[in-house]
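Shared chain: chain A. Partners: chain B in the first complex, chain C in the second.
Let's turn to the complex of A and B:
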């Protein structure tokens, strides 16, 4: 009896602990969501409603489209460059391969602001020539390419070379083998890179903020920041934030439904 | 159909000689096996012939054509891998069609070929299965069908049965042999399994540590091993090391002397008195001389120290002056040697192979 009670108490303590941690993690999102649904009545009382979503300033939506456009273009270019690069890195041995891997890993430890500054300095000439959009794309493409290469490297390492060898022995040339055999088999791995780039590029802030003056392009996260600067923390701004979160969340959920978690090991907890 | 020649091919990985000056030939329609323990270079040799690995030295010819620098897809080969290499994202039919399209087989012929090859491997009706729905044996049959469909000049099999359970393996090896006979294709088959190699091969190349040790038919290798490695790798053997004494020049019979054991046997050419030699005697070639019979002068005296009943034979371990000899009794006398530890016996060696040098 005593032992059973002690067991129950232990379980309570454990669940309590988990709940507190979960609460701490989720609290900011819940508060933002509640704030985005808060309506202040003329008499000063507050109630819940969708009014803040209707109050979002019309100029916000074009920024969302711009963010989507930049993210998708970045993904397309990074996929086209990243897959062959990863393939070469995995399948061919060359001098300095290990050093290159170390360098690639090292990029993650560069502080965001420094990385953003480097990208801007490096691609400055493009802003002058193309007046914005493609300069933006250049910085983003370079900034997120590594993510694509890393996920593709994992995918290629998972891929047993015997499939490509057997395709070759059956008489298929390199291109046929790549498009009919290699690509379908690493597809899910590539999609993990696409997902990560989307989520990070769509929500990227530092580079976008620094690029705003020279390109006169404002992405959605920068717009949220600008609105806070101009209006203070208001309900409609919370609504803007929630919309950005929902778009990312929707993409992640669709991905997990379609592909599953296999290729996200080490990136997300499963 | 096609003669394959791998002329003195070598492959180095750093300091390691994976394959060293291996010379291999397979005649038209011949079934050649490369046999050896793991890491002996047999798979590397096969992959060099297929074009999956570039040889560092040597050349590969199909008939008179030098294919050394051709990629696998331009050699018209059929390669069956150890692991099942069916494309997991295609069903059986599409897997076979892949090879047919790669070899530009006209569309109207595709269905006929698929039917034909699935019949050969007894897998009719499996067209729409995905590879994940096949057992190991079924998948390997489909793999063979996929390879046959492309009508290759040569068949190269790299331990295709090593991941399949024993009973099925037995069945499949004879089927592979039958397919090879019926199609008349030149075949090189790699295995570490001696039984498999003996059962299906016309000729066997025995490899060890990157070099070809001996080439021959199964019987030649068994009866007349030419190196200590082959003698120990093929079947069971007793190794008696000693010195060659007095060769009778007329009859060619010599005497090998070692501590307390004297063996009289036919000595091949190229040996001289005083050579260090190893006499290889198979356990079934040692006889126990019945007590009632007279003992010849060179009979070896020994003491039975172990007796193991194995069903079709009884294996005795006989200590002969410090050398432990394995003796297999196959006839009815095997039942009378079940509890005989400590018994003294006289042995006679019916047959032995003499090899230069001392087997480690």
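Let's turn to the complex of A and C:
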């Protein structure tokens, strides 16, 4: 009886600690949400309301649309490039595989500001045609490719090669096997890559900030940053930040409902 | 031949948009000012300046991110331990919450900025304690907490992976041989997870190096805005001294790559 009670108390403490830390992680979002719902009346009193959201709809939506379009294009290109690369890395052994893997991963380990500055220099000097919408796509595609490769590698490891072998035994060619057997089976793993790329590309800030002056294109996070610099912590900026976080959160929640955390584990979650 | 064909697009992408720009960064760092785009004046003085004029920036940067990394370990080790060992229910909810800081430091910075601002939700606590609010907002401690939240998931990931990698039968044999649960923890579990802890510490430092929005918004001009990433941005885009900014960038990238290399060696963390 006593032991059972001690066990309950322990569980209580464990859950309490985890919840406090989770609360700390969510604190910035909650604070921003509360701020975005605060309306200051002309006589100085404050109430709750959706006024800040209505104020920004016209000006902010084009930026959100641009961010969405950039991230979706990035996802499409990265999926097309990443799946074959991951397949080759898992199923074949060849010399220099480790070096190659390091090259493909390298961009992840260089601080964002260094990568952004080097890209700007390259755009100005070598790839002048990239100073525009496609410059964002190119930067994000190269920057987040490894997330797709990584999640696909995890997915391929979960996949038993016997399915592919039996398909080819039954007479399917390599391409047919890939599209009819492999791809449907690693689908959830690919979706983990899509989720991560979406979350990171949609909220990507530092590269977009450096690309903003030459391209005159402003993505939504850069707009939030510029507004904070210009106006401080006004309600409508909080509303902008909340909209972006809610879009990301909605995508994450829908993904977790459909697929769960299985394919994110070993990549980014314990 | 076959794998090469499948890998070609990925390799081409990374070479064109990662390696070549990085080489350009290194080349530009050897020119003075923005002369690279006109007639390059070759010089190595940028690198000397990094270690003389900007040595204070190095100090600030590393004080900030190393203390944030320690905070990550203190908060993150119990978190990872409980998540992997002690609780079964709702773990997926907590995992999902771990994804929130990935949305970006900009939102974390905004939340904390508002939290600590005069008239913000926390200002009454500071006035009760007698601390000037601006001093609290622009102190190295607040920037440290915000940074720690930003790098927290990466630290927990590394610690958790190493905790999961420990063979449970070793702990069980320690218990069978008469060790109490505390003794087992301090003499078996903790030493065996040390590589993961070291990896987590290094990873938090590596991610902290690239932080930008948190120091810009939360740091005062004297403290966190002297962080190397922020300094690099203002030198490149406001002073247009591309050579100097590139030199800082090269050093920052080298430091980050070395740190991540050792963190990968220490822990079995595959990605971060």
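Brief remarks on what is shown
Keep this in mind: the second predicted complex is superposed on the first by the 222 of 270 C-alpha atoms of A that agree within 3 Å, B and C clash if a C-alpha of one lies under 4 Å from a C-alpha of the other, contacts with A are read in each partner's own complex, and residues count from 1 in each chain.
Going forward, a contact is a pair of C-beta atoms (placed from the backbone, for glycine too) under 8 Å apart; a residue touches a chain by one contact, two chains touch by 3 or more.
Just so we're clear, the structure is a prediction, and the values are computed from it rather than from any experiment.
Using the contact criterion defined above for the overlaid structures, shared-chain residue A:225 touches chain C, although it does not reach chain B.
Between chain B and chain C, the partner in contact with more residues of chain A is C. Once the two complexes are laid over each other on the shared chain, residue contacts for A:88 go to chain C alone; chain B is not touched.
Of the two partner chains placed around the shared chain by superposition, chain C is the only one that A:256 touches, whereas chain B remains out of contact. In the superposition on chain A, A:103 makes contact with chain C only, not with chain B. Once chain A of one complex is fitted onto chain A of the other, the partner contacts of A:66 are absent, as it touches neither chain B nor chain C.
In the superposition on chain A, contact is made by A:181 with chain B only, not with chain C. Across the two superposed structures, the residue set of chain A contacted by chain B and also by chain C is empty.
In the complex of the two chains, the chain A residues touching chain C come out as 10-11, 14-15, 17-18, 21-22, 24-32, 34-35, 80-82, 84-85, 87-89, 91-92, 94, 100, 103-115, 117-119, 121-122, 124-126, 138-139, 141-142, 145-146, 149-150, 196, 199-200, 203-206, 209-210, 213, 221, 224-225, 228, 232-233, 237-238, 241, 244-245, 248-249, 252-253, 256, 260-261, 264, 266-270.
Per the touch definition, chain C reaches chain A in the complex via residues 2-4, 6-7, 9-11, 13-22, 24-25, 28, 36-37, 75, 78-80, 82-84, 86-87, 90, 92, 94-115, 117, 120-121, 146, 149, 152-153, 156-157, 160-161, 163-164, 206, 209-210, 212-213, 217, 229, 232-233, 236-237, 242, 245-246, 249-250, 252-253, 256-257, 260, 270-272. Considering their complex, residues 50, 52, 71-73, 76-79, 81, 83, 85, 87-89, 98-99, 102-103, 146-147, 150 of chain B touch chain A. Only residues 160, 162-163, 165-173, 176, 180-181, 184-185 of chain A touch chain B when the two sit together in their complex.
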